[in-house]
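The structures considered in this document are given below.
The following pair of complexes shares a single chain, subunit A, combined with subunit B in the former and subunit C in the latter.
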Partner chain A sequence: MSTTTPGAAAPETAPPVDPPAPRPRTSGGSARRSRGQSLRGLLIKIVLLGIVDAIALFAMFVLVMQESWLVFGIAAVVTVVINLIYLRPGWLPAKYLAPGVFFLALFQIFVVGYSGYIAFTNYGDGHNSTKEDAIESIIANSLTRVPDSPTYRLTVVEQLGTYGFLVTDPDGETLLGTPDQPLDEVDAEEDSTGKAVGVAGWNSLAFGDLLANQSLIADLSVPLSDDPNDGALRTPDGSNAYVYTSDLVYDEASDTFTDTTGGTVYRDGGEGAFVSDAGQELQPGWKIDVGFDNFVRAFTNEDIRGPLLSVTVWTFAFAILSVASTFALGLFLAIVFNAPHMRGKKIYRVIMVLPYAFPGFLSALVFLGLFNQQFGFFNQVLLGGASIPWLTDPWLAKFSILFVNLWLGFPYMFLICTGALQSIPEELAEAATVDGARPWAVFRLIKFPLLLVSVAPLLISSFAFNFNNFNLIYMLTGGGPRDVTAGVDAGATDILITLVYKVAFGEGTGRDYGLASAFAILIFLIVATISIVSFRKTKALEELN
Partner chain B sequence: MSNPFNPQQGGQVADRLNPLVAGSQATDAAPPASRAIPVRRRRGFVRWFLDTGWRHLIGIVMLVFAAFPLLYVLSASLNPTGTLVGSNELFRTIDFSNYVELFQRPQQPYAAWFLNTLVIGLVTAAGTVFLGALAAYAFSRLRFTGRRVGLLTLLLVQMFPQLLGVVAIFLLMSGIGEIFPQIGIGTQAGLILVYLGGALGVNTYLMYGFFNTIPISIDEAAKLDGASHAQIFFTIVLRLVAPILAVVGLLSFIGTFSEFVIASIMLTDPQTQTLAVGLYQFVSQETSRNWAIFSAGAVLAAIPVMALFLYLQKYIVGGLTAGSVK
Partner chain C sequence: MKVTSRSFTITGALALTAVVLAGCAAPAGENGGGSEEPQFEGSLTVWVDADRAGVLEDVAADFEEERGVSVELVTKDFGAIRDDFITQAPTGNGPDIIVGAHDWLGKLVQNGVVAPLELGDKASEFQEVAVTAMSYEGQTYGLPYSVENIALLRNTDIAPEAPATFDDLIAAGQAAVAEGAAEYPFLVGLDPAAADPYHLYPLQASFGAPVFEITADGTYDPTTLALGNEGGEAFAVKLREWGQAGILNTNISGDIAREEFVAGKSGYFLTGPWNLPAIKEAGINYAIDPIPSAGGETATPFVGVQGFYISSESENQLAANEFLVNYIGTEEVQTALYEVGGRAPALLSAFEAAQSDADVAAFGAVGAEGVPMPNVPAMDVVWSDWGSTEVAIINGQGDPVELWRAMVASIQGKITG
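Entry: the complex of A and B
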């Protein structure tokens, strides 16, 4: 991942890097000027490459500290390749392509692949991390105070924002530990009662500091030793610490948790969590690969399959109807205003393009107010105080969305249709008229097919755009009204991409990155298939002409 | 003027908006004032109406349809009562208190949002233009193995918009943030980097097409005069393709301006957010109560984009028809 870092500087870096390579070519009269520029170019190149390398080195250093060897390896290879590209003469195309390709590789290609990987895991709330982390936090979450715990006299200390416990154990030994570092013996200053009060390198917290960070300090638990089952020290008051142990004891050999109070045994159920025989799960779990589970779940689990199906159908309906309605209106207007003698066309054009120039997300929010059931302009003024649920009735909400998208999209279609109409030679129409064709026939049989050839690719990209028109749906209805029977947070106007967003980052239900990515892969497959098929078709159309 | 969707009243609204149209209509369509030549005038009117008059009728309806929501939000922003109900009487009062109030809410730092959006949009646009121009130059002027495959790959990758990878981007940036907090989740620098991932693609295609229209003999002449490839690129080609650079930069800026999904997961601190994220959260929570202030914010936010758009409309339309969608 750290490969990003060299990239941070890459945009500025890449370009000036090129100048020096072909210097030998300089010749004759302009040689002096050229050499001067090349020298400047060389300097710029050295400086920028130096900055990139410095950042890359820093990144690799951090990666070594964190022991992320795989990422370190990738970062090292990328850095070497970048240096080779810009220091070695030749490889001209690479010099120009490298910066863009770097970003493309990381934030497009890698992201696609990573989405694919996540779709095969149970990544999400409660399954965020590794099994070791899960075991540690299960123990930490279930700590209770040992009834006859000895008292450790405590001084809370701080170093660079990390809090630690400096304790004097019942035998008079002084020990220091932090939540990440178990207690260890340390030489400390002691006061007259033998309580350790300070240690070199750490600040002892005064009473006021304790009060200010009360809740933080109450949450600290400092392990007694490397074995989490030994328990940890916690402090209820900031001056004394007591031993806390977990009710849940982890046994590494059998890979189980045992509840010491009830004797229940929790086993690794193979689904990324410890489960008891009665089916009770310990939180948190951890991330595992689940194979096709997310896809299987999407297609067989009734609670998900139903909503997914209706969302998919609406996604298609929305995209097709949006393209059809905006194209119809845009084409109609293009024909209406394609009149050579008409006055004031310019003004009509400018005003009609305004919805397109207005930022899209703002339009959706403005219509949110216009459509408001209680106070909105449409209900209050146009319909004289009616209370029509424009955005909260499943069918009306669909209508409202199409209406708003018509408003947003018709200027674009108007513009491209006008352009396409004007590029059709007038002679064709004239010839047809001379042959006795009526205006409607001229349009239907000559102009429209020609127009379609030049506009078809744009209609396809418009379809692909609307297929993922997140802003409009999410800002206008939020996908609602919500289908309460669904097992996922899906509503009547949700399209696939808003469903992905809500499943992954929604507030109502827990985050489920795995399932969301599975949905995203589905969208990708659908859009890719449609685009490829339809672009093939339009190419065929073009060849016909 | 209570009902602009009523065609007659709508016509009046449009007339007021648009004196030129109103004027042309008045002269052409006015009923004959004198009775001296009623028949001929009427026949003239009918013919005029059948030829172009009906077009004006449709035009006026469309003007109302297109302009009404924008007038509505402008009127709401000037309305001091501040609520959604109060905004229903258009232009009853004109008062700029909402614009003042907009900048005095510590919870919704509008000024910061505005600035963030401009900075992120401009940096992303500059980066996109730059990366795209470099790649387009390579594809247009240099011949190398993998060139065709490269162009096709760009097309293919673009079918998976960044939007779809939002989950992966979130997790990737969280991971990067653990190593480099400066560009991880929650930072604008990180967001810009993610946006730059989309720099190659449709934009490169637009530029590639335009680069191809610049005669290669210009490059060759410069080469004979001793210019290096970098000198040719930076001092000659880039100047000749300036119009397409402007278009791509503008399209990228407008796209970034309205981008919500990735910005909303990347930026969580209100101080760092963009207009799209901030205004959405602002108005979606209490639509009615915050309406007038939101409207003021919307008007201010829309001004730079609309001004740029209308100013460069000619180029943009050309760019759009060449294959990009808003």
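Entry: the complex of A and C
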């Protein structure tokens, strides 16, 4: 990490500045050489741009097929702009910035924007798709095979674009029907097993034909008789037909489902589901916009409001103590390993950085085993068979979390402190020593403030990271131990983000992305406020220099 | 010079684009012109986990040869399939078929992403419990392929006789500990924060306390909790007793329990077939027994069923149906799946063939008594409260009956929202 202030960059530690680097490449270039370079550059440009355009055009074809016109429009405009930027001479800054801006828009702005949009919908389990999909699913799920009804052997037949069912009933009679024409007896050709395979005037469909028209055939419903209550034949596989009845009928005009057995009417209640007057919902519902409902729920939810104070306090305590402890240990070790007379520094430094190289959740799982009350390494080996409830006592669990986070976090602080310490000119310390300052005073009054100037922004980002350190809490304690008598899900080590996870994904209908996004926005506001205030404070630090 | 280079650039880019596009378009064209029959364009996409992908490759090749529909297998992490499928199905880009566990079904139906599957006359060829597990609100959705459940494993060197009741087991186990033949009277893997309601369920069921009331058609009624009945409270009292006596210990995780049993430190181990390989490898002499009853009624374990689901958004319903019912639902494939996964087949004929393996037969006999694990979406809510309350009871925090009542009230509150 280089320092953020030009003033701190002393002559001898000044990082290699940019200007010298490009110069050798261009210096001494003749007209001939620059032309050769431009031809090669041109070829590379054509190939790269060609690939980009090909991908973009392919994507656009797919989008046209899916009729997603908005995305198609955006893709077309972006492609045109990219081509313009790179084909047109000049516009040099744009040539450099375009790829970065493109990926920033795709992976950051869009994702953040989409999460923000989700916060204003009811997207989640039970409200997963569009209303059309929901209606289709409800109809499909309400079709049930009549219990103990026979299997009809089936040949699907076609006449002038109309599909019909030629079936052989269990008694060996052959019947023909279409969606508009109930089953009626017919004379048909039969194969050796007695199954009707063809009838005059109709084409029999082979398996290939069936597949080519499978969505049509899967939707075919041939009534048994004029009375719809007798049910209708449908085929799941094209070679057998079964009698189905539906207990829910959808009426497109009034947009309602009616239960044929009880007469209950389900209406679109405006909340993304069909609801009966008695409040019963049909599953699935669909996704709708709900305005600020999720934010209202976030503030009125009992499971959040009850433990909110204690969880917020612990979240701040956890984030602040984590930053403080990892920074203190990291700084201490950085100073120790920065001592000029120490031998084997490089080896020690590599070892120090190791915890940083492990994935955090893996370390959390390893510590979970080490902390086991009866069989864990800490109790069994280090403490000679003690029975300390590291993870199941509320206070010890908090301590264990902080301890593991210290182990995980100090290498990072060690790295940045080492870097920052090395960039502080030795002359300052020497001058202070000459003036009679003791080592502690040199550190406290000179090195530490200079160090903070470059490290403070990283401490703030470390705070923001730990404020939302979901992995560690979730993997190590799952937020527990939990007081089961309290009636809420919050445990002793739950921080805001894990509590939100439990509330948004663990209750009622299941995962509630809308509520989760609303919470995410609220937590972002908290973290952003704290960060902005802290950054303002560090500005003051910079002026110290 | 400038002008020519620019126009050269543009024509070059266009030419290249055209070439690449032609390349993209070619495979589609080939699909279109293969044989003379009316053409089916497209293929079945199946999401499977790595273990099953190998077996399905052979079936997929057969299917392609006989039916002319290509099957594209996409290998995914089993745990990720459910949520990815729910998210992707509505976009229209999801798979046609997924492999999955039966307890996902409620969630899949709730989100409208799974299509009903008519097994037809084939339904009777499967184990009844497997078909029931694959049903939700009276409708069948999936093709089951395997069935698994837990049973009591007994180290015959330490405990020569099968216990008749759970109290017998405790007495025999404690006697073995007293003699020094064993270190633990009984082993079952529990989590320090969440216990393990799945493993403890047979004992609870023997007190007559299932999770939900079971309706006449054998499925669960997710609105009526049965946890809170008198049997449930009696079970809570017993949990405390067992916890204090050291029969149940929340520090013994699943891994530790297996290690200790494999080391010959206990006569009894309540577990599933997944731990058998380690036990065989260690050369332990074992027997597989029914789970002894603690409360008088049969100790019915949860049966977990795995199977294949068809997406409601699939454009290839007939082909998908054909592939599942007539290809995966055959004895040959079910046996092959059993051989790679070690889970008992759901198809009766394959299951009977697998009976030649004594372990499968023994676990199967225990499973025949079992009930499918509830597949209603409300289960997500139940597990968490259920587990943490069991921990509190086992570890002696508060009055067991009151804890149990608080848990039932909490679950009821979350289900009704």
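Going forward, the second predicted complex is superposed on the first by the 297 of 545 C-alpha atoms of A that agree within 3 Å, B and C clash if a C-alpha of one lies under 4 Å from a C-alpha of the other, contacts with A are read in each partner's own complex, and residues count from 1 in each chain.
What we mean here is this: a contact is a pair of C-beta atoms (placed from the backbone, for glycine too) under 8 Å apart; a residue touches a chain by one contact, two chains touch by 3 or more.
Nothing here was measured: the structure is a model prediction, and the numbers come from that model.
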Partner chain(s) touched by A:Ala134 [first = subunit B, second = subunit C, both, neither]: second
First, second, both or neither for A:Gly478, with subunit B first and subunit C second: both
Touched subunit A residues, subunit B compared with subunit C: B
Subunit B versus subunit C as contact partner of A:Lys195, first or second or both or neither: neither
Touched partner set for A:Gly419, first subunit B, second subunit C, both or neither: first
Subunit B versus subunit C as contact partner of A:Gln66, first or second or both or neither: both
Which of subunit B and subunit C A:Gln374 touches, first, second, both or neither: both
Overlap of subunit C and subunit B interfaces on subunit A (superposed complexes): 38, 66, 372, 374-375, 478
Touching residues on subunit B, where the partner in the complex is subunit A: 2-3, 5, 17-18, 20-21, 24, 51-52, 55-56, 58-59, 62-63, 65-67, 69-70, 72-73, 76, 83-85, 87-88, 127, 130-132, 134-135, 137-138, 142, 144, 147, 150, 154, 156-157, 159-172, 175-176, 178-180, 183, 189, 193-194, 196-201, 204, 223, 225-231, 233-234, 254, 257-258, 260-261, 265, 276, 279-280, 283-284, 287-288, 291, 294-295, 298, 301-302, 305-306, 309-310, 313, 317, 320-321, 323-326
Subunit C residues touching subunit A - in the complex, by the definition given at the top: 2, 5-6, 8-10, 12-13, 16-17, 20-21, 24, 35, 37-41, 67-69, 86, 89-90, 92, 107, 109-113, 115-118, 120-121, 137-139, 192-194, 249, 251-253, 256, 312-313, 315-319, 321-322, 325-326, 377, 380-381, 384-385, 388-389, 392, 395, 397-398, 402-403, 406-407, 409-410, 414-415, 417
Complex contacts: residues of subunit A adjacent to subunit B: 1-2, 4-5, 7-8, 11, 14-16, 18-23, 25-31, 34, 37-38, 41, 59, 62-63, 66, 68, 92-93, 96-97, 99-101, 103-104, 106-112, 114-115, 118, 123, 333, 336-337, 339, 341-344, 347-348, 350-363, 365-370, 372, 374-377, 380-382, 407, 411-412, 415-416, 419-420, 457-458, 461-462, 464-465, 468, 470-471, 474-475, 478, 497, 500-501, 504-505, 513, 516-517, 520, 523-524, 527-528, 531
Contacting residues of subunit A [partner subunit C, same complex]: 38, 42, 45-47, 49-51, 53-54, 57-58, 66, 83, 87, 89, 125-126, 128-130, 133-134, 136-138, 140-141, 143-145, 151, 206-212, 214-215, 217-218, 235-238, 240, 242, 283-284, 372-375, 391-392, 477-478, 480-482, 484-485, 487, 489, 506-510
